[in-house]
Each structure stands twice: as structure tokens, then as C-alpha cells.
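Both complexes shown next keep chain A, but they swap its partner, so chain B is in the first and chain C is in the second.
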Partner chain A sequence: MEDRIREILSRCARLSVPVEALNDEDNLYDAGLSSLATVNVMLAIEEVFSVEFLDHLLTRRSFESISSLAAVIASLKSGALTF
Partner chain B sequence: MKDFGTLIDRARTAAIIAAAHADSVDIESCFPHESLEGLKQNRLLGLLIPERFGGPGATLRDVALVCRILGQACGSSALIYAMHQIQVACLVATARGAAWQEAFLRRANADQLLLASVTSEVGTGGNIRSSLCAPEYEGNRLTLRKRSPAISYGEHADAFLVTARRSNEAPSSDQILIVAERTDSALVETSRWNALGMRGTDSKGFDISFSANAAQIISVPFDDIAQHTMLPTSHILWGSVWLGIATDATEKARAFLRNEAHHNADALPPGAVRLEKAVSMLSSMRARLDSAVNEYLNIQISDREALPLGFLAEVNGLKIAMSEAALAAVHHAMLICGIAGYKYGTPFSLGRHMRDLHSAPLMVNNDRIAANTAALLVAQRASLMKE
Partner chain C sequence: MLEKVSFRDTLFEAGLLVASGVDGIYGRSGDFEAVVDGIDGLISRDGAMPGAEVVRFPPAMPRSVIETSGYLKGFPHLAGTVHCFCGDDQAHKKLLQCLDDKEDWTGQQKSVDLALTPAACYPVYPMIASRGPVKMDGHIIDVSSYCFRHEPSLEPTRMQMFRMREFVCIATPEITKAFRDRWVERGHAIVSALGLPVAVDLANDPFFGRGGKIMADSQRDQALKFELLVPVNSAETPTACLSFNYHIDHFSSIWDLKMQDGRLAHTACVGFGFERLALALFRHHGLNRAGWPAHVRAALWPN
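So, the complex of A and B:
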């Protein structure tokens, strides 16, 4: 999952650091993620992982790192199964 | 503290001074020194500064009202006042626990300091969320040089809030905001300000260089300040200025019609029906502004971690709607007054109002804002029907 997130970040996040240089725990805002680019990342994640973000997950925390995004996607996927 | 009367009285006193000089400021394209003195004498520059920092602790609603009253007098003076208050709001929102900023705010109120913004930079394509310049650090001091295509009232400000990249290694979007004092700054003029409207804002281009203590860097990242404070307060206060200008134009149109009615009560001029449209526009603008101010004051206490997509979309929509409606209202007023509005030097002249308001759709281009807002609205998950 992290590889696909990395692919999305390199395509949509407009980071000024190459995604390959980032660890899964590195802070994406420190790497140059802006609030507007966050929106693009979110829409790409929805498309690639067939999930829909819930309102309460639209926080800075969700988009903080590759691993926080992976956790959010995992929770959305498991949530989708229960509905 | 000396009692300076009610806020509205003080704003009106300052507005009378601004109105007396509005035409000469416009014709000569010069900074409204008399207006600024009037604002200082009436202690209006530090309004937003909280009591814990020695200020009167007024709300954004109060300041929006002052902007509207000033807008009815002189568009340039009102816009300068609004731009100054946006800087104050950014400092107030981030100063808690920061000793340098707290002391600066105390001084800003005591001495009625005028603060200017240095966000635009040559080479960033008008995107203020991106910086090229970065400070050079030496011990706990820093120096910065920035080439700005426009610093409104730059020559007349006591301090500047300047955006920059965090360091030479940081990406262009990793921005910090630094408070630079005029006494530590050097400005070299690079372009003149001779514009269609808002001529008194004296928005010349400058190369600015300054030195500062590292403590003068605001600890909150600029991305956060921009979306939580700068963007909403800008759109609310600019909108208030535009509403003020449109209100004055509509008042002139009404005075024109009243004058005509005195001469011939049976038949008002054909443009008279437009008065209803113009007044109705003012009413919609006021309602939308009030709603945005209420939402802003409520959101302050909520979770700063949440991405306020819906609110950002709302204040972006506010900016676009206010800029368009204000121009439309003045257009109605012009058609009501006819040649008396078109000419300079009549009691119904509307040229300055119309020229000033043509800045509204392009100070942060409406098309750029609309594109961003569309993305926000698509991403937003809350219902569009606000409960």
C-alpha cells in the first residue's frame, strides 16, 4: 500500500523533496505539502483505493506522513466492509 | 485609558477626515497621510489586540464595521486599514507564548504602529503560498533580502510581515512569516504605483533587506497562518471595504434621484428602477458578510487540526461574490446618475468608486480563487446545506 501512496504523492503532492528520499514516518508538511495539494492527494487516494474519505478524517493528522495515510486508508477499507 | 467614545463615533470621525482628502489622494496618487493620522488619533489601528497584550480586544466584526465606514469615505484609506488589520490578526492568532511577538503587540497598540505585508515576490507567478528568498542565519540573527513587485504603503509602514522559505534547503512551499521592523529594514524602490484605482495605497515595488532576531520568526508555519487567519480575514475585511464603497455610490444615486424628484415628482428618470437593484445588492452583501464573520468567530475555538474545507470554500466564495456585487451596484448607480455620475467634480461623481472597485476581482485573481474553491468543494464531505 505504501508504494501506491508514494506513487500518488509523486504525482499529486507537489513536494519539493523527491518522494524516494522520504521515510514512511517523515512529516509531509515539512516536505512541502500544502493544504491545496492535500485536496489533490485525497482525491487520488479515493480513486486508487476505491474508498471515500469521511469528514472527520479530513485533518492535518491524516495527511501527516505516508504511514498515517496508510492507517487512514486501512481504516476506511475495513469500514467499507462493515457497511 | 482615555475614553475615546464609541467605536462607531471614532470610526466616523476618522472617516470624515478620510473623505475630505479622498479626491486629492486619488488625483495625486499619494498616500493618505491625513487619514492615517485620523486613524491613529482615534486609536483605531490596534483594535484587534487583546486586553492581555494591552489592547482593546475588539473582534473581527468590529473591525469589519470600521472598514465599511471608511470604505464609504475613501477606498484607499479603507483598504490600507483593512490590510493593516489582516497583519495584526495574523500576529494576534500566533503570539500566545511568544515573548517577542507579545511585546511587539503591546508596542503596536501603544504607538499605533502601521503594519504592511510583504508576501508577493518576483518570480513566484503571483502565488503567495510559495517563496524563493530564504534567510541567512548567523547565531540568533538573520538577514533576508526579498524582491517584491508590490508592497502596499511600504514607505509608510512601521513594520512588515514578510514571507520566506524556512532555509536555503527548504522547498518553496515551506514558508515562515517574519516580523521586520522598519528601523532594521532598507527599501529600494523598483517600480512606481500609477494605477487605475486604489491610487492612495502607494503599492510600489521594492527590494527589501532587513536583519532580525530569530525570535521575530513566527513559530506557526505560514501555511497554517494563511488558511486559518490570513485568508479568511482578508476576504472578510476586503469585502467590508468594497461594501462601504458600493454603499457610498448607492447613496449618491439615491441623492441624485431625490434631487430629480424635487424638480419633477411625476416622472423619475428611467434609471430609477435600478435603485431597488443596487440597494438589494447591498443587502445581500451585508448578509453574506455577517454570516462569514459569525462562522469565522465560531471556528476559532474548534479543532485547528481539522482541514476547514467548507469554511475556506465559503470565504473564497464570499470574496468572489462581494467583488462582483460591489462593481455591479456601482454600475447601477452610474446608470441612475448618468452624465452627473460619469463626470468628475459633481456631487454625484462615481469615477473613483468604479475605478477603486475594479481592483477587487484581481487582488488575488477571482479566476484563481474560483479554481481553488472548486477543488475544495469537490473534496468537502459535509452537506452543502448548512444546518
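So, the complex of A and C:
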């Protein structure tokens, strides 16, 4: 799943560093992710993973790192309502 | 809801606001304007920013500015664009026929190169960017304009066309952040001195849609926006009369606003809502300004 997230980030996130240089835990905002680009990342994740972000997951924290995104996607795919 | 409607009706009955038939578009009486002028003068005296460049724009700006600034990404629902008749005699005839037939005539209208100004500071950033790098101690702009936001409401505090005065700071991150923080204190002092109950709170802009939820959360998480709140329509939902905004490099990256050392500038602004402040004064001190407390009148009209 992390590889597909990385592909989305390299396509939509307009980071100031190459995605390959990031660890899963690295802060994406520190890597240049803007709140406007976050919206594009959200839309791409919804399309690629066939999920829909629940309102309470539309937060800055959900998009903080590759691992936080993976956790959110996993929770959406499993139908779990909490994160 | 009844309370909200009744304050607006009270203002209509007192003649302070004049109904137009469209919610959020009102005429203002001489007394109302005297209060707005008083607030404007008070801001100039107590909020004076030495060296600030004064500039006044009309309430319309090039459509390219609203397109470039990112406003349509965050607030497509609030934006207003200007459309005009651009046809020939035949098209004119068709337009008049539509009017006669009480059919929609606006299909004859074409978008022109103008948008309505959504916040007074929007024309400032391209203006400053066109001059080249900003000096290292920064630049302050004093700007004021009628603004438009398409949000018809029964609350008199939520107008579709209203006036905003802003001080905009374009400088290094340190100077810009300090400007915003200092203005939270100054704004609190200025409005408190008018005998109004004041609270300052973290806030977010009304971004559009599901993506807007992320932007709003992000804005709050980074404490980028504060509002000065005064109860006007109700105590439960006080009205934002001033806002204090730190944009980080949002506008400077869009407009390539650089400091003399080559780094991107940061920007911040404080905005005063004239009508909202005037309505707060009428709400708390009464509809007859002659009867307002002496210290309030002295602050607004020192001569």
C-alpha cells in the first residue's frame, strides 16, 4: 500500500524533496506538502483505493506521513470508523 | 432565528439600514455612515502604522487576480464575477424580447475581465510583487474597499457587500508573525475601548467542500487565523468583527513576492469589518448614537 501512496504523492503532492528520499514516518508538511495539495492527494487516494474519506478523517493529521495515510486507508477499507 | 430576523427588522424600522429586496444588500443611513466614518478615523488614529503605504482600490479587480490568487480553490461558492452585454443589435433585440417575455435574459451576458473584490488585500500582493524585492524591514500597506461575498443571509452582520479596512504586512517570517500577534492585542484594546464585550478565538475560513475541511483543519492546527468576536446577533454565536491572518508564504509563492535576500516573503493581515463593528455598537449602545456613552462618542468623534 505504501508504494501506491508514494506514487500518488509523487504525482499530486508537489513536495520539495523527492518522495524516494522520505521514510514512511517523515512529516510530509515539512517536506513541502501544502494544504491545497493535500486536497489533490485526498482525491487521488479516493480514486486509487476506491475509498471515501469520512468527515472526521479530513484533517491535517491524516495526511501527516505515508504511514498515517496507510493507517487511514486501512481503516476506511476495513470499515472501521475510528482512527 | 426569530432573534436574528428581529434585529435586522429593528435596523430597518430605525432607518439605519435600507432594505433592497435582496438579503445582504442594504442601503446605509447618514447615522450609520457617521459611525462607519468614526470607526475609520479611530483605526487611523489608534491603529496608525508609521510608514504604511495607503492605497484604495475600487470593489472590482482584474479577473486574473482572483484566478491566480487561489481564491477559487478555497471559496468558489463566495466569488463574484462581472458579466456584461457584449452583443450586437440582433443580440440586443433578443435581450429586450426576453425582458418583455419575462424570460431569462442573462444568457446574453458574457464574463468580462473583472471579478468583485473578495477581501480588501487581494489587489495588494500583485501590486507589491510588480515592484521587485521587498526591503528587509518589510512593507506595510493600509488598504480599504467594499468587498463582495455571495452568501445571502437574514443576519444583518452577514452582508453580501460590505467594507473592510486592512493593514497588510509583507516581510520576513519573524516580522510578519510579530505583526499579526501584536495586532491581536491592539485590535482587542481598540474595540474594548468602545465599550464592547470582546473575545479573541482561533478560527478558520469557510473553505468549500470536503477538501475545504482539510484546509480548515490545517489552518486551525497551525493557528493561522484568529478572530475578534463580539455578540451581535446572539451570545451563542458571536460575530467576527476583526480577523488576524498569517498566510505564511501562500500569497508570496503565488505572486513571487521576494525579500531583498532572495527568500520568499511572508504575509499577514489584520482586517476590520466596518459594518459589523457599527452593528455591534448599535446593538450594545442603542440605535440612537447621540445617547451612546460619552467615552465611546469621544473615541469615535473626538472633535
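Rule of thumb we're sticking to: the second predicted complex is superposed on the first by the 79 of 83 C-alpha atoms of A that agree within 3 Å, B and C clash if a C-alpha of one lies under 4 Å from a C-alpha of the other, contacts with A are read in each partner's own complex, and residues count from 1 in each chain.
By definition in this document, a contact is a pair of C-beta atoms (placed from the backbone, for glycine too) under 8 Å apart; a residue touches a chain by one contact, two chains touch by 3 or more.
Since the structure is predicted, the reported quantities are computational estimates derived from the model, not experimental observations.
Trainee: Using the touch definition from the top, say if A:T38 reaches chain B (first), chain C (second), both or neither.
Mentor: Touch status of A:T38: both partners.
Trainee: Which of the two partners, first being chain B and second being chain C, lies in contact with A:A74: first, second, both, or neither?
Mentor: Once the two structures are laid over each other on A, A:A74 reaches no partner at all.
Trainee: Mind working out whether A:D30 is in touch with chain B, chain C, both or neither, as first, second, both or neither?
Mentor: A:D30 sits against chain B, while chain C stays out of touch.
Trainee: Have a look and say if chain B or chain C is in touch with more residues of chain A.
Mentor: Answer, by number of touched residues of chain A: B.
Trainee: Considering only touches as defined above, state whether A:F53 meets chain B (first), chain C (second), both or neither.
Mentor: both
Trainee: Chain A residues touched by both chain B and chain C?
Mentor: Shared contact residues on chain A (touching chain B in one complex, chain C in the other): 34-36, 38-39, 42-43, 53, 55, 58-61.
Trainee: If you look only at chain A, which of its residues touch chain C in the complex?
Mentor: Against chain C, chain A makes touches at 34-36, 38-39, 42-43, 53, 55, 58-63.
Trainee: Can you list the chain A residues touching chain B in their complex?
Mentor: Spelled out, the residues of chain A in touch with chain B are 14-17, 29-40, 42-43, 52-55, 58-61.
Trainee: Note which residues of chain C are touching chain A in the complex, please.
Mentor: 70, 73-74, 210-211, 213-215, 217-219, 221-222, 250
Trainee: State the interface residues of chain B toward chain A in the complex, per the touch definition above.
Mentor: For chain B paired with chain A, touching residues are 129, 170-174, 221, 223, 227, 303, 305-307, 309, 312, 372, 375-376, 378-379, 381-382.
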